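After this come two complexes, each holding subunit A, first together with subunit B and then together with subunit C.
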Partner chain A sequence: MKRIMARAATLGVGLAVGAGFAVGALAATPKKGGVLEFVVASKIPSYDGHQESTFGMIHPIRPFYSLLIRINPENPSSATDFVCDLCVGDVPKGTDGGTKFTFKIKQGVKFHDGTPLTSADVKATYDKIVFPPQGVPSTRKAFYSMIDSVTAPDADTVVFKLKFPSGAFIPALASPFNFVYSKKDLDEKGYSWHKTNVNGTGAYTFKQHQPGAFVEGTRNPDYHHEGKPYLDGYKAISAPKMAVRIQAIRGDRAAIEFRGFPPKARDDLKKALGDDLTVQQGDWNCASTFVFNNERKPFDDVRVRRALTMAIDRWTGAKYLSKIAIVKSVGGIVYPGSPLAATEEELTKISGFGKDIEASRAEAKRLLKEAGVENLTFDLHNRAVDQPYKLVGTWLIDQWRRIGVKVTQKAVSTGQWYDVYRKSKDYDVGVFANCQSVINPLADVSGWLCSASNNYTYCKDEELEETFKAMNKEPDPAKQRVLMRKFENRAMHEKVYGAMVLWWYKINPHRSYVKGWKIAPSHYLNQHLDNVWLDK
Partner chain B sequence: MTVTTENLGSPDIEALPERDSLIVRCWNLVRRQPLGAAGLLFIAIMTVMAFGAEVLTSINPEEQMFEHMLEAPSWEFLLGTDNFGRDIWTRIIYGARTAMLVGFFAAFFGSVIGLMLGVGSAYFGGKIDLIFQRVMDIFLAFPSIIMALAVVSVLGTGLQNVIIAIMLPMIPQCARVVRSSALSIREIPYVDAARALGYSHGRIILRHMSPNVMAPFLIMFTSFVGQAILAEASLSYLGLGVQEPIPAWGLMLQGGAEEYAESAPWAAVFPGLAITFAVFAFNLFGDAVRDVLDPKLRSR
Partner chain C sequence: MYKYIINRILLMIPTLLGAAVLVFFVLRLVPGDVCEIRLAGTGLFADPEAIKICQDDLGLNDPTYVQFGRFISGYFTFDLGKSMWTGRAVSEEIGLRFQLSLQIAIMATIISVIIAVPLGTISAVKQDTWIDYAVRTFSIAGIAMPSFWLGMLMILGMLIYTGWMPPLDYVSPFEDPIGNMTQLIWPALATGYRYSAVITRMTRSSLLEVLREDYVRTARAKGLLEKVIVNQHALKNALLPVVTIVGIEFAFLIGGLVVTEQVFNLNGLGKLFVDSVLNLDFNMTQQLVMLVALIFVLANLVVDVLYAWLDPRIRYA
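== the complex of A and B ==
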């Protein structure tokens, strides 16, 4: 009897374990159906990816569109792993000494209005991005300075010819903002039509947009990636207040927020939801910076600018600020971990990155005295967004207080914040952020160029421009790295047009039933949602 | 005829009752208006905190002590610390300064301008009064907080702009109340006499009419201070008031309530209590002032 009982027990355990494995195997198989609800912290300025640069547009609108190539959705953390989206096979290698890239376009792809996609649509899209007509905005045009021409020799071929070989070309091509538009729409409806209308080839079709409330997308049955998307649709809910977004996930009114929460919110959610919450986190290709109005006294004096960066204890700040804000790593102008990034030893030689903060602050005080502004007071122009802008701004003010500088924070709405930088130029020192998508250091650092459209220091520096050009044309990685150090040194040490504060850290707590989505080093990436499914 | 003169002596003048000492008067006030006295006491404490902040605490309210971030109340930090490791007790004390500054100045300018406009409107009467009152109607049609938000959106944030934003909606409220009192005063003969003597309009308004509407003015003023403190806290909570790192109760509430309500409730509870008590105190004191100055209520 005992033997029978023992065998039955063994069988029972075996069955239970087997069933567990079976359930596990089933759980790994994507389930179809369901609607993903997620929260978005920012508004949609327009639907046109070519001119916008905010996640407020990318998160709700990106799923309607496809790209020519994209980062590998299964390996989004890689800076070099790209796959075809609308092209066929692998991402092509350059020919003709790395100056010619030929893409074969997928056949049978349809826009949501039923128009078939051809190479002419891809060419028209890239013509708009790279060579926009006068008055047509293209925010990332500078990323494509290496492109000489885009041609479509036949219906399924697109050829990019470059002026010089560039390692920045393929990453730039994979920008999530490069929505492929229909040539017919561009020709017949004009270049502004996509600001207020949607017609893509993405995984979801546009259902509705209630401004300030939500955007809804429905599964595209003709999607060109077979078997996808898994969801019936999605709903992107607008929720500017962080407390609302946290409570939405906690109360299961939303499953995920794709931008990122601070550590405290992650801990609170985890404590409340336990295994019902999964946390994905990693480094973020986004950094807090501060910029000086180089046209305004006394910030036109490099001694004053250097003193202000030297007062910042970044190493201690990283340790503590990372507990309350979405910042973490100390780094130079290049994404930490990239082969082109400065090592810690190189970094500590740059003004404000030294580890002896007392010596650094003593030197800062001396510089201010030498410049005749011992009792310096100024306004810090900031964006009225808590994470991390206002937190970083408040911390900076305390750092400057320690060298006797009195600072008043002026936090304004996002629109006003940009207006001050772009139009009125009425600021002393401003908090800024350099956020990029695909890790592409050669292009990502372009914002430090005085000529860059998103450089608001109003500086002029030919040497910086020349170094940048040389660096982008340099094929030897070792020499490229040397040029990058020269560029970084010039911008942040010799001239101090602005300064890095800390690199961000992306934390995405989400409901555990959300599967298939993998965190990327940017809140712009991996937002097509075609591989997301709900394990409910 | 003999005239006798009686020494009438000095007439018996009824001795005036001796004036009560300050302590007795205070005690009488406490007896008659216990709630108002409690309000006044809290206002006095707030005033001491506002002016004597440097004496009451040796810690800089903007000092970030990260090694003490989000510490619970203790002997070292009486009310705990916030997310930057700043001492909450110190920030509440210095926050009283911000609250009093905004409350007093917004209420003072709002009620004084309202007084001038209200009395002036009643004095001139006719078309001027009619047009002026319609303009006041337009201003009164907007909820105060909405108007304050609009003003801050246009002028920007900062202490000075917050005072202006809070003050503006108070002007028509005060002007309307004061005007109704001034209308009856305008009919009293001494105003006609002043006119007959050739006094200027300004002199009649300022020196002859305004002092006689002090009762409603003082009531409005005291209630405005409480309203202004609450409005400042509301604007700061919405991120449109004073900016970090200036210690302000609404700002502290905003910083603490959203993220740390559960794990570090002291960061939100104590600034919230400070706002509640301050507004309550000014309301109680305002009610007491009204009771004392209103003859109908005084006789009860």
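== the complex of A and C ==
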């Protein structure tokens, strides 16, 4: 356990160093005023956080809302540091054997329309998310399967009762999508009203949205975090082309882009802008993986699947691929900064993670021969998006070529990519990605379950399901860790339903006058903008 | 003349109906749907129930003939439906972008005509001189160079040499004319140059043909000044095919500046088109295709009427 903690601490320090001189700048006294202009790569479908799942909605809309709890804005890289947003004091610890969480709600908080916030609003919000009425979509309700009930015994108390103690509960509660809505709005205007209207308690009030162009917010003078926000407002400008976003920062038409740029863009911008540019970077809670169609021959044979993962030299790939693509860290199924993540020693025991690549590839060739598919050829189903999908796909093809396997990349539009996985199932091996917001390993690894709605390997594995259930109900972190290793080993080594490639690496170059914002391990996190200020 | 115009208008109906049928059914062949793209996120996790609710709400689970009926009946009730991506009225979404696209189309057309007609005329009159070669080189470069690439060069040039780039967000010319021009003059120039190259070539070849006509020889024999022959007699006739090109290119510019709009981050119809196709927003894509079809049909109508007005032989035939 000591080693794990030491590794976590090292990673924390690493991230802080990665964050660079921005950390030093944060010590300065914040200045008030100014409008932050930033570019957003994706587009807004609707404003309803409970329904949508894109950062295209989070970046422009999240500043209008508050959450019950959030990741610590001053320590966003931590996997375990959560603070109250609309609650008072520290995030509560579970009572009744970890099955009851009592939150005291802040008094004096007002929605932008002037309605005071009470515990009834928090309860109504979570009832909508966890127990949506028939016909009301709640995209992430599966993340809250441990919740038995939400009650508001008085105006400033909310109690969550769980069916069983779960380490996934608090991180799930901090999801940036859990905007707290007014009960009055939900009751009087209906569950669809928030798709096209905004009424939150966030740092900024809604000014205007020009569809396809920009969203503007202005400072909320009644914001519940005293002295904040620092900005007079912000403007989130839609710019789908990466070249435009890079040029926007270079030409100072935008100060920052919160999702992330590839390494080349960072280097070009740094070269052009010098000290006017600050770079924050760190591990990203997104991973590139590849999955096998376990229903299709010869990928129904574990020897073939194992051979294909053993051909991949992840350690060398991390070194070179990270120079051109937004991937970097070698890791298992858990985010590398988490205490539940595999150590390097544990990783090297998993197929395809060994350091002796020649031995690994020799074994891979032997396995293919044994399975009778020495001259294996197949199509790699991929998404026609450069970063990092096509780059990773191209690299994988080269890795497989080294064991004599011939692969053709079939990159298709996003819609078709989804459709093949979800409906037609017409693929051999596919490049896949798993992006999460709050680091919540117990929930994040659920995609490896054969029963998960986003598992497209079409496998069946009761043992994996049982291990997952046991892990989720296990309150002791040390035992949880043991179960996580068992789960990881089963999914990636024994059965090899799919395999990790590399974890993504988030690079946020921004104008140096942007202060207060700290990079988080997800592009969904730390987007409330209440601590951002402009040093102009 | 009126009969001619009415005939042309009536011919628009089957053309538009054909376009409607084609776009509706071709779109249904595309795999995937907007709900999966919207709700799945990068982890491809989506609550199956949420997807089903979304599909029901958007009518995607209805039989195809019901969806088609809804699409066509919308034209009779003036309801173009809602965007499947944003939930906003399609007419509202298109209206927002139309102003920008129309302005660029007008600006680019004006720029191109101002450049092209004099250059094409000079090139024809001074055939096989260095002036002609210079104009031809200029126009061939314009045809060879895509406007989006020229736009990229413009932006990069401005960034590298001045550190400045055009604004990213559109402001109406009625609110802030200078701000508006600061943003739109660059795409208009990039597009106008390519467009002018085509018109220059057309003006030159058409004028060369006319200058060899008998009536021009007669005019010369009568001792008319070359300036008068070209400007008053030859150019009017030579501009007939040029009018066609201007009309068709204008129609193309309104919905067809897909890449140029992306390069300059313009929130126009071209960008909306790309977004709606990528998002599998069938309602929006259908209406945009119909809008472009309508613009083309109307532009052709205007060109035909103009042709008939310029050349009486056409309307009497």
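Note that the second predicted complex is superposed on the first by the 503 of 536 C-alpha atoms of A that agree within 3 Å, B and C clash if a C-alpha of one lies under 4 Å from a C-alpha of the other, contacts with A are read in each partner's own complex, and residues count from 1 in each chain.
The working rule: a residue touches a chain if its C-beta (ideal position, glycine included) is under 8 Å from a C-beta of that chain, and two chains touch if they have at least 3 such contacts.
In this text, all values refer to a predicted model and were calculated from it rather than measured experimentally.
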Using the overlay on subunit A, decide if subunit B and subunit C clash or can fit next to each other.
-> fit
Thinking of the overlay built on chain A, is A:111 touched by subunit B (first), by subunit C (second), by both, or by neither?
-> neither
Using the superposition on chain A described above, determine whether A:52 touches subunit B (first), subunit C (second), both, or neither.
-> second
Please work out whether A:258 is in contact with subunit B alone, subunit C alone, both, or neither, and reply first, second, both or neither.
-> neither
Figure out whether A:454 sits in contact with subunit B (first) or subunit C (second), or with both, or with neither.
-> second
Classify the contacts of A:64 with the two partner chains as first (subunit B alone), second (subunit C alone), both, or neither.
-> neither
Which partner, subunit B or subunit C, touches more subunit A residues | C
Go through the superposed model and pick first if A:423 touches only subunit B, second if only subunit C, both, or neither.
-> second
Kindly classify A:140 by the partners it touches after superposition: subunit B alone (first), subunit C alone (second), both, or neither?
-> second
On the overlay, how many Å separate the closest CA atoms of subunit B and subunit C?
-> 5
Subunit A positions touched by subunit B in one structure and by subunit C in the second = 241, 243
Residue set of subunit C touching subunit A in the complex reads 30-33, 36-50, 53-54, 85-88, 92-93, 96-97, 152, 155-156, 158-159, 163-165, 167-170, 262-265, 267, 271-272, 275, 278-280
In the complex, subunit B touches subunit A at residues 62-64, 66-67, 69, 83-85, 156-158, 239, 243-245, 257-260, 262-263
Under the touch definition given earlier, write down the residues of subunit A that touch subunit B in their complex.
-> 241-243, 262, 264-265, 267-268, 316, 319-321, 323-324, 384, 386, 390, 393-395, 397-398, 401, 408-412
Write out the stretch or stretches of subunit A touching subunit C in their complex.
-> 39, 43-46, 51-54, 135-142, 195-196, 210-214, 235, 237-241, 243-244, 247-248, 250-254, 272, 286, 413-424, 432-436, 447, 452-454, 456
